[in-house]
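Below are two complexes that have chain A in common, paired first with chain B and then with chain C.
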Partner chain A sequence: MPPKYHINTSRAANRFQLITKSGVMAWEEGCLKCARCVKKDCVYKVYEKRGLDTRQMLESLDSVCMDCFRCVQGCPNKLIQKGLNPAYKELGDHYWTPEIISGLWYQAEAGRIPVSGGGYGGAFSGPGFDAMWTDMSEIVRPTRDGIHGREYISTTVDIGRKVMALEFDQAGALSIDPPPVVEIPQPILFDLLPWSPPRKGINLAMLEGARSLGTFAIVRQSEFGPAMEEYLPNIALYVDGKLSDISPEILRKLRLIEIPYGKDAIAAQKKLKEEHPGLVTIIRMELAPDSSSNVFRLITEGAGAIHLVADEYGLEKSDKPLFIKERMREIHLHLVDKGVRDQITLIAGGGIAMAEHVAKLIICGADMLSVDIPLLVAMECRVCRRCKDGISCPVELETIDHLWGASRIRNLMAGWHNQLLEILGAMGIREVRRLRGEMGRAMFFEKLEKDIFSTLGKRG
Partner chain B sequence: MDQKGLGITRAILFCRQLDPDQDVNRRAIEKELGSQIRFFPLPCSGRVDPLYLMRALESGADKVYLITCPEGACRHREGNLRAKKRIAYTQGLIEEIGLDRERLELIITSAGDRKTIDELTRDILAREGVTSSVNPNDADIEK
Partner chain C sequence: MAINTETQKLPEIKPLKSRFRNALSKYRVTITKSCNNCGLCVTLCPYGVYKAGSKKPRVIAEHLCLGFPCKEKEFYCVNRCPEKAIQLTLNPAFEILGDKRWSADLLASAWHMAETGEIPYQGLNYKTGNSGGGFDKLRFIFPKEKGPDLPDEEVSTAIELNRSGDSRPSVTIQVPFYFGGMSFGSVSIVTMLSRVKAAAALQTFCCTGEGGYPEELIPYDDHIITQIATGLFGVREETIKRVRIVEFKYAQGAKPGLGGHLLGDKVTARVASMREAVAGTALFSPFPFHSVYSVEDHKKHVDWIKETNYRALVSVKVSTPSDVDMVAVGSYYAGAHIVQLDGSYGGTGAAPDIAKKNIAMPLEYAVPKVHKFLSEEGIRDKVTIIASGGIRSAYDMAKAIALGADGVCLGTADLVALECIRCHHCESGRGCARGIATTDEELTKLMELEWATQRIINMYLVWRRQLIAILKRLGMKSVTELVGRFDVIGHLDYIKQEDLEGELEL
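== the complex of A and B ==
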């Protein structure tokens, strides 16, 4: 299969014991010394493989146990118990929940989609992305047509300004100069990390991961160093200093550059275009209530790609912040009304935590997304944010081998890619570009609630 | 099994039921003392095994503390009682190999006055004369 349709994975083992949902509590005192102990009968050999990670005082017992409860039921003196692990409940926060984090760990380790089994036991609606349901009306298609081989589903997207019509001169030659476009096989960029321990190895892992996936990692100009030069074709350099400080040699090798939004942004883009016509410029702006009018203005001034960034909880910058999916819908529909939507690439980022968020945000109008925290979680981050407070990282992220980190990132992206294929297949869509802004393919809880219940209690 | 030395001087193993906000509460002291202190929250102090204590010493800890919830307050009924026995057993073992038994210490908290893990640690450190305690009254820590 061509590489742009499939991502090869290989298992990348955890460096630290996982924090599991439940734990085994096995008392030794009171043991009856049975001739055949239930621990010996464990089909997964959990007790035989028992080890202790002294870096965290965590036993391997919990991460190897498959919750069959055979030992719990079998011990005649009831000395073995299983209980919920309080450490699991404390992972992350209200948004980056333990379920999300452990799901990301699983995908990064195995490169496969997590399957919980036993059906879905949770609520059918919630805040943020959980208030949105995608259309699965063609659910038989993945089975019928095959989405992982017999038929290809394209997840390729383009970054850059699009021309709406070609123009030819009298001689039949193209009379316009089409702007450069960068094509990537997945609608995902690797974004700047909101926090992390010293990130030399982390940055290299992200770059290596980006290179192997054919996508880009955004790197701050201030953090760029000679060790990253070999990755220049996969770097989107974020200009956090002076544009003039970047050497022409580096600019020649770059394909993407990101500049902060401000009054000089368009001028900087023009300057870059004159000096390096092949370079695609992205303008990075914080998501805010006035984003739609600002994006429209930038398009009229000639912007080609805009990166809208929310905070790590997917909220825009405002006193009464709107969630990223609502604001992206508004921006997308505003641009459609103005008739300019197809001219530009919109990249949305912030609060992207799961594979389903990719499809949902694209439905809400983004062409592609940027991810940040999930890449750290792929490398075993626990979202404890200790590094933000200057405390040492419990999983020593600053010491990772970048090749290991890259394979974990690659595995995670493969899991997300497969889930995107499943969603597209279930919708009967053959390429992700067609999913953009397909709001008719989704139901929004708030809208449904309003449509159904707002008329109740009204007379006439 | 990782046996690499951590360069720590104090290892504090504690039952996380003691302080529901232990993760936040211990950050200030962790930042202050850096690698000189390591906290190991346990789901129950009864989870501790002589191996844990020996490994903590082996990893470079000068002193290992095990802090349990008050007697009678264990959510697994008798976890803290079992922890007490295991500490005593391990103290015997390390004494046999020529180490000071005081390098392992059990601290059973008092039911009357619940303290955060941060306060408990500062009490211990004040006793050792390492840093000034935010709450110097350590009378309710039973040895």
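== the complex of A and C ==
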């Protein structure tokens, strides 16, 4: 496989014991010491490997148990039981579910995608991203080149304004100056974190992760410090102060800069372009009901890349908020309608929690995405949000070694990359740029339900 | 078209206990120290929960306990116990058992049917799971007035698989289902054989999956569908000639658009020799068929089988993309007798979670879409539609038929009858800890062939009985009358009891 498309992973062990879905409850009283559970029944040798994690004073039993119930069903005195772990149930919230969080932990630790036996065990459908399915093709398409063909699927995307046609002078030389674009190998940027414990180490882990993946981490100007200078080629600096406070040396080394949406945004972009022609400017705006008209106006005024940000549940800013997937569909189709969609790079973020969300949001019209919370979860965050209230982090995120954090982030992103390839491969699409806006290759719950189920039960 | 409805004798139910010492149950029954061993509970309980013991009675079958509804009965042991020594509680393990699709109730119901050959009475929901959509929100609408009460023997559950009108033989199965492909390698030889033997007993078929045709299967040739999938593992001319149905697997619902993957640990010497591969190496079945670029190429595939075996019917197993209706037409055009639609929530030995959840559409959409389209094209009568991928109960089966399938194909439910617990670890290490989806010699020994065969037979005989009961309530004499009857089925989000002439079953 060309190295360009491959992400090396290596196992990066958990620092804290996993919170698993269920726990083993074994009563000592009445135990016959027959050792049946240890010797005979447990295929996974859970009881033999049993130990105590002295750091947390936790039994190892639960984290290695594979839920086969052999010991429960084998114990002559019925002394072993399994029960739901209350700590698991309390992970995250309605959106950042325990299943999502533990799935992210697995990928960040193992650097592998979740594979399992048996069919899907989840809900038929759900809100948001769970209300769509992606397409597949039964027979050969160009991507399908043996089992390794999938590795030649390109996930590269470009950030920046695109010219729709090249123009040449009489002598045959290029007569226009195409604006710069920044190419990244995976359609994912690392976004500002909505909350976290003090993030000196966290920032460095994200930057190291971004560097090793060839992508960018968005860093607040106010948090930028000398320790980050070596990462400048992988930083998208977010201007949360005065543009004039950023030194020209730093701007020279930057390739991406992000400025907030506002009346001065286009003027700031122009100024940056004049002084640093190679720098690509992204305009960051909150996703809202009027986004499509605002985006269209920005395009006519010369914007090249717009970062649309929803909240951490994927909701836009409104009293009756639309979910990011719905709003992006509307924006994309509006721009297609206006004939300007291909000129702009749309980056969408907020509520991106799983690999499937990447593919689905691109289908709904984003060129690429920004992720935030999953990067923290990669470093064992439990989405308890206690840091928001200044309470100490249960997994001591402020103390992480940034290289460990970076390898966890790389593992997770490698997993997401691989899963994106699964989706693209099944659809027979050779590059992620062609996935953008392919709504005809997706199936939407609302439409299918109405088409199929509303006609049932009628006589005649 | 004449359907052979002459029912040969179906096998009998023989009750068979769990292979494990403690069956998993919804309720827990415990006898405390204050028991004076009077033995009253042993004589009271009609379900056989207790057995007399030397110091106190033993609780031997909690899973047969009626549970809290027993309070109303005069034999309720908890109240009658003179020492108040009996405690009845919910089993905490029941909370973590199963998942949204296969709820703990559905699992326990399947175990109950496989063990006793009876419909569960313990307050278990044996009709629907908790997935919140699809089958779990579809309900039958039964007419209010009862029709004449037919004897069960007069209701036919047989279906004809060759509806093409060509010169190939008629193949009738006595139940509207057959068993889907699970390869030797993904499951043990005992599992494979038990499914085949049960299929033969129920006068239907079982598919080999893609992993060869072990010689133990030869006595059951007439009840076997051999599969040709993209890896062509174990496909030989003589195996194609041996059977009455040959199946092309284009795609699989659990991992649509992706190939098969047998992890190295499960590739034992025997599995490897069957597949002409090397033991211990992971085996990939690539996706898709690289000889098929068009419907015309697909037709060549079908012709190839028809040439090799002049009496075989050809089945084409496909997944459910957005254009599944066109895929079905294409398969028909190419000469397939059977089109199997494998919905996206179907089973597998191993697949990426992202594929299982997201790629291709659920069966509940695909079946009516295809049925309508083929009907409009005027070819619905010429092809048999088999639905698979997420059929968990007799009710799912009946709903799939009402949505437009002629019959269904089953897999996971068989394994649940063998006490699969849906831990989802079929793929790892030595494979299934419960001795079903494994090739490990020691684990394979956890299950006896006769036991396994009978468990599958028991459960499906109950399914058949439930199907007959549904047909009778709808006033139908044959399962073929139920096909595509959109009017007898409603979706809870779109239909209200008060708007109906019939009775919505809740």
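A few notes on this one:
The definition used in the following text is that the second predicted complex is superposed on the first by the 413 of 460 C-alpha atoms of A that agree within 3 Å, B and C clash if a C-alpha of one lies under 4 Å from a C-alpha of the other, contacts with A are read in each partner's own complex, and residues count from 1 in each chain.
By definition in this document, contacts are C-beta pairs under 8 Å (C-beta built on N, C-alpha and C of every residue); 3 or more make two chains touch, one makes a residue touch a chain.
Since this is a predicted model, take the numbers as computed values, not measurements.
Of the two partner chains placed around the shared chain by superposition, chain C is the only one that A:Ile423 touches, whereas chain B remains out of contact.
Using the contact criterion defined above for the overlaid structures, shared-chain residue A:Gln81 touches chain B and also reaches chain C. Of the two partner chains placed by the overlay, only chain C lies in contact with A:Leu448; chain B stays clear of it. Annotation for chain A, partner touching more residues between chain B and chain C: C. Look at A:Cys384: by the touch rule set out above, it reaches chain B but stays clear of chain C.
When the shared chain is aligned, chain B comes close enough to touch A:Glu90, but chain C does not.
In the superposition on chain A, A:Phe69 makes contact with chain C only, not with chain B. Look at A:Gln170: by the touch rule set out above, it reaches neither chain B nor chain C. By the touch criterion stated above, A:Ser247 is placed in contact with neither chain B nor chain C. The contact surfaces that chain B and chain C form on chain A in the two complexes overlap at residues 25, 81, 83.
Chain B meets chain A in the complex at residues 1-4, 6, 13, 16-17, 23, 27, 30-31, 34-35, 40-44, 46-47, 49, 51-52, 55-56, 58-59, 76, 79, 82, 85.
On chain A, the positions that touch chain C within their shared complex are 21-22, 25, 43-44, 66-70, 72-76, 78, 81-84, 103, 113-126, 133-140, 144, 146-147, 354-356, 359-360, 419, 422-423, 425-428, 440-443, 448-449, 451-460. Those residues of chain C that touch chain A in the shared complex are 18, 20-24, 91-93, 95-96, 98-102, 131-134, 136-138, 141, 250-251, 254, 256-259, 261, 284, 286-290, 292-294, 297-298, 318-319, 321-322, 327, 344-362, 364-365, 368-369, 389-390, 412, 420-430, 433-434, 437, 443, 486-487, 489-491, 493-495, 500-501.
Residue ranges of chain A in contact with chain B, taken from their complex: 23, 25, 27-29, 51-57, 81, 83, 85-87, 90, 384, 386, 389-392.
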